[in-house]
Amino acid sequence: MTVAGAVGDVRPTKPRTWWKAVVVLAVIAGITVWSSIAIGVDVAAIAENAHNAANTLIQLMQPDYSFFPQTVPALLQTVQMAIIATAVSVVIALPVSFWASRATNPNSAALGIVRFIMNVVRSVPDLLYASLFVTVVGTGALSGIFALVLFNLGILVKLVSEALDGLDRGGQEAALASGASWFKANRQAMLPEVAPVYISQAIYVLELNIRASTVIGLVGAGGLGMLIDQVRTFYQYHYLSLVILEILVIVVLLELLSSFARRRLIK
Amino acid sequence: MTAVTTRQTGTERPSSTGPAASRAPQRPSKPLHLGTKLIWVVVTIVVIAAFWSIDISWDALLTLPQKLVHYLGLMFLPPAWSKLPDALGATMLSVAMAWFGTLLGIIISFPLSLLATRGLTPAVVRWPLRGVFAVLRAVPEVVIAVLMLSVTGLTAFTGALAIAIGSIGTLGKWGYESFESVDRGPIEAATAAGASRLQVMRWGVWTSAKPDVYAFWLYRFEISVRASAILGLIGAGGIGKMLVDNIQFRVWDVVGMLMIVVVVVTMIIDQLSGMVRHRIIEGRWELPIVTALRRRSVKRARSESVDLKITADD
Amino acid sequence: MNQSGAGIRFEHVGVTYPNGYSGLREVNLEIAAGEMVAVVGLSGAGKSTLVRTINGLVPITSGEITVGDVGLHGLRGAPLRHLRSEVGMVFQSFNLAKRTTVLNNVLMGRLHGTSAWRTLLAAWKKDDIELAMQALERVEIVQKAYANASELSGGQQQRVAIARALAQRPKVILADEPTASLDPPTSHVVMRDLQRINAELGITVVVNLHFLDLARRYGQRLIGLRAGEIVYDGQGTDADESVFEAIYGRSLTAEDVLPSQPVELS
């Protein structure tokens, strides 16, 4: 008993798509070869320095806890910077997000301009802002704060304006029909709707800032990063590993806190 | 003239008041919301404390606007286009760093993420692995790069390795998350048909998870490109290095040109990877900007008719 | 709270949409102050358009509408907002701000007269809060003043919407299919509220309805629209078979009236 349809059915020919996969793989291989040449892949160097690397790793596993008191000012500054930057950017981003959303800004020209500017602001990495501000304003936490605020604005405005775009606009329609201006209608009808998202994104930005604050010091913008910068030039890995450990602890604590906070918000 | 009669409508309960003559429901009192208020008070105190305790001189704030204008002028009026070829070369180097690093990260993380999937390996293997992923995710890439100084010096190769190591954490996590969220049906069918564990992974898990995995590989590449620019800022090469050199030597018109290059390249990569992701998920090549414009015109047509209430469902 | 309504006059009003479709054609209508008018017709006949031209949500392309003593043609900006503040509107989908309290929703009716700063800080004037409470009392839902709008049933939400319109102290109330999302008993409650408001406060009410029996029962005057033109304008009680044919193009069927059996409220 055969398992088949009527004998004589025309069998379709197997589609010949294998060549597509070959092309893709060839392209990927080509790019990889080119990039390894460009960056100077030097496997030999790894082999030579493997011993060094192992040493470093061992030192990294043994943080020097006695160094802790000296790290406290930098640690504190990291947290302070993050909090201040979050607070400032959260306040500035609110009106800007409303300007950047089609749901709350009826003026297409202004909308386009704000969105474009925000896209540009968002394309610049945080460390780059930090470098620029350090040169313009000087080293220290102030440049870090400026850098973080700009960095946050781009992210916050994008996230919040996208949330606004998707909201139910019924209350806004009613407010406009009752003679309120766009500003009043948005404030009264749209703001409460977007508030939970806004708060959740503010917490996300705080997380990002704490992470970023730990490293912007590498270019002089304050916080733990400056300590890393000082310490790495002397190859003091025991100290370095303590600092890294602190960073790890902060980040992990943050993640726990934020998932806790986010869960309480969702309900 | 307020309503005095109350009506039973089945949806409200008139409150009981004193004298039988007045049956108007009482106005409720404003709720206290003490919990929420407490949270706001705490947050405000923390913020004020941060402002108060930080050790910086705020007077730089006063001169900031004019300084900004001054420097923006130096950077962009006009930017140093003559150095554009150098900038593009440096950009290529950064992209190469990102490509190599991401590829390496993918190769390493792929088997590891499979091993970390619930249902494919025992817990004693999974949890340490997930822990490693978490640690690698938590350490910022720049720190990894700094650590690798002694191994390969601060070069583009270091940058690529740092990107690779950093990406193992996120790629690993996204990997096992998508493997775990796969529809169980094909897996059951494969196991019932007698497939070995490897075959189940290949045909049951991989085929379903493939689009998501390709998508986040691409997304990770995007992130890596940004990371490579950042790593350049601490000296690893590429456009970041060119930037930091020119910033240090205050060659502002080159800095301005480089900023434009960074922004434009970031935007192009966003669009390109959006297009490739669109292709993977929806099977068509389309630039995100085209999709957005198309959706906007459909939405506009629809909203015009909704405003005027002439839709099909009317 | 003694208010009086405003009269509405349509003179050769036409509405043509950008795509060429004609929403209203040569509409001439005179609604006296304090009248309660029900507008009926098939979907797409122009009922919604008619109602929405009165507060300028749909711009007219020919003719003139006068509300009270304000003409709508070319009205925009502050004068348009002023007109809208005197015209309350009740929507089919209630249009409440879901994540805030009932009281805040009703206070939205006072937005026009509230300064930008007060709006920003949500510092409502005491008089406005009192007005809002009174409006809630009038529709008998004041106990829910501090409840979240999303916690209310459909009928309750619509009553809050009516309270919001009332808080504007309007001269006209427009209602665009206010009962379309409600079950029959609640529809009657809402229509009765509108009728009471019209009778007690003298506000002109124009209601857009799908179900004919509601229209005849609660509207003093019935206006039938078909393909953008008025085909009937008279008393609800005078409307007979031929009138239905003119409006609906067919004789009355069961779909044109509310189900008479009480629906099981689950």
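We call the chains A, B and C, going by the order they appear; numbering starts again at 1 in every chain.
Rule of thumb we're sticking to: a residue touches a chain if its C-beta (ideal position, glycine included) is under 8 Å from a C-beta of that chain, and two chains touch if they have at least 3 such contacts.
Treat the numbers as computed from the prediction; the structure is a model and nothing was measured.
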Quick one: which pair of chains has the most contacts? A-B
In terms of CA centroid distance, which chain is the most far removed from chain A? C
Taking the mean of the CA coordinates per chain, how far is chain A from chain C in Å? 48
So how far apart, in whole Å, are chain A and chain B when each is placed at the average of its C-alpha atoms? 6
Averaging over Cα atoms per chain, report the distance between chain B and chain C in Å. 45
Of all residues in chain A, the ones touching two or more other chains: none
Each of the following residues of chain C touches two or more other chains, namely 57
Please output the residues of chain C touching chain A within their complex, sorted ascending. 55, 57, 81-89, 91, 93-100, 104-105, 107-109, 111-112, 114, 116, 119-120, 122, 161, 164-165, 168
Okay, in this complex, where on chain C does chain B touch? 1-2, 17-19, 21, 23, 43-44, 48-49, 52, 57-58, 133-134, 137-138, 140-146, 153, 155-156, 176, 185-186, 189, 200-201, 265
Residue positions on chain B within touch of chain C in the complex are 1-3, 6-7, 9-13, 15, 24-28, 30-31, 304, 307-310, 314
Across the complex, what residues on chain A touch chain C? 168, 170-171, 173-181, 183-185, 187-190, 192-193, 195-196
If we count contacts the way the header does, which residues on chain A are in touch with chain B in the complex? 28, 31-32, 34-36, 38-42, 45-46, 49-50, 52-53, 56, 60, 76-77, 79-81, 83-84, 87, 119-120, 123-128, 131-132, 135-138, 140-142, 146, 211, 214-215, 218-219, 228, 232, 235, 240, 244, 247-248, 251-252, 255
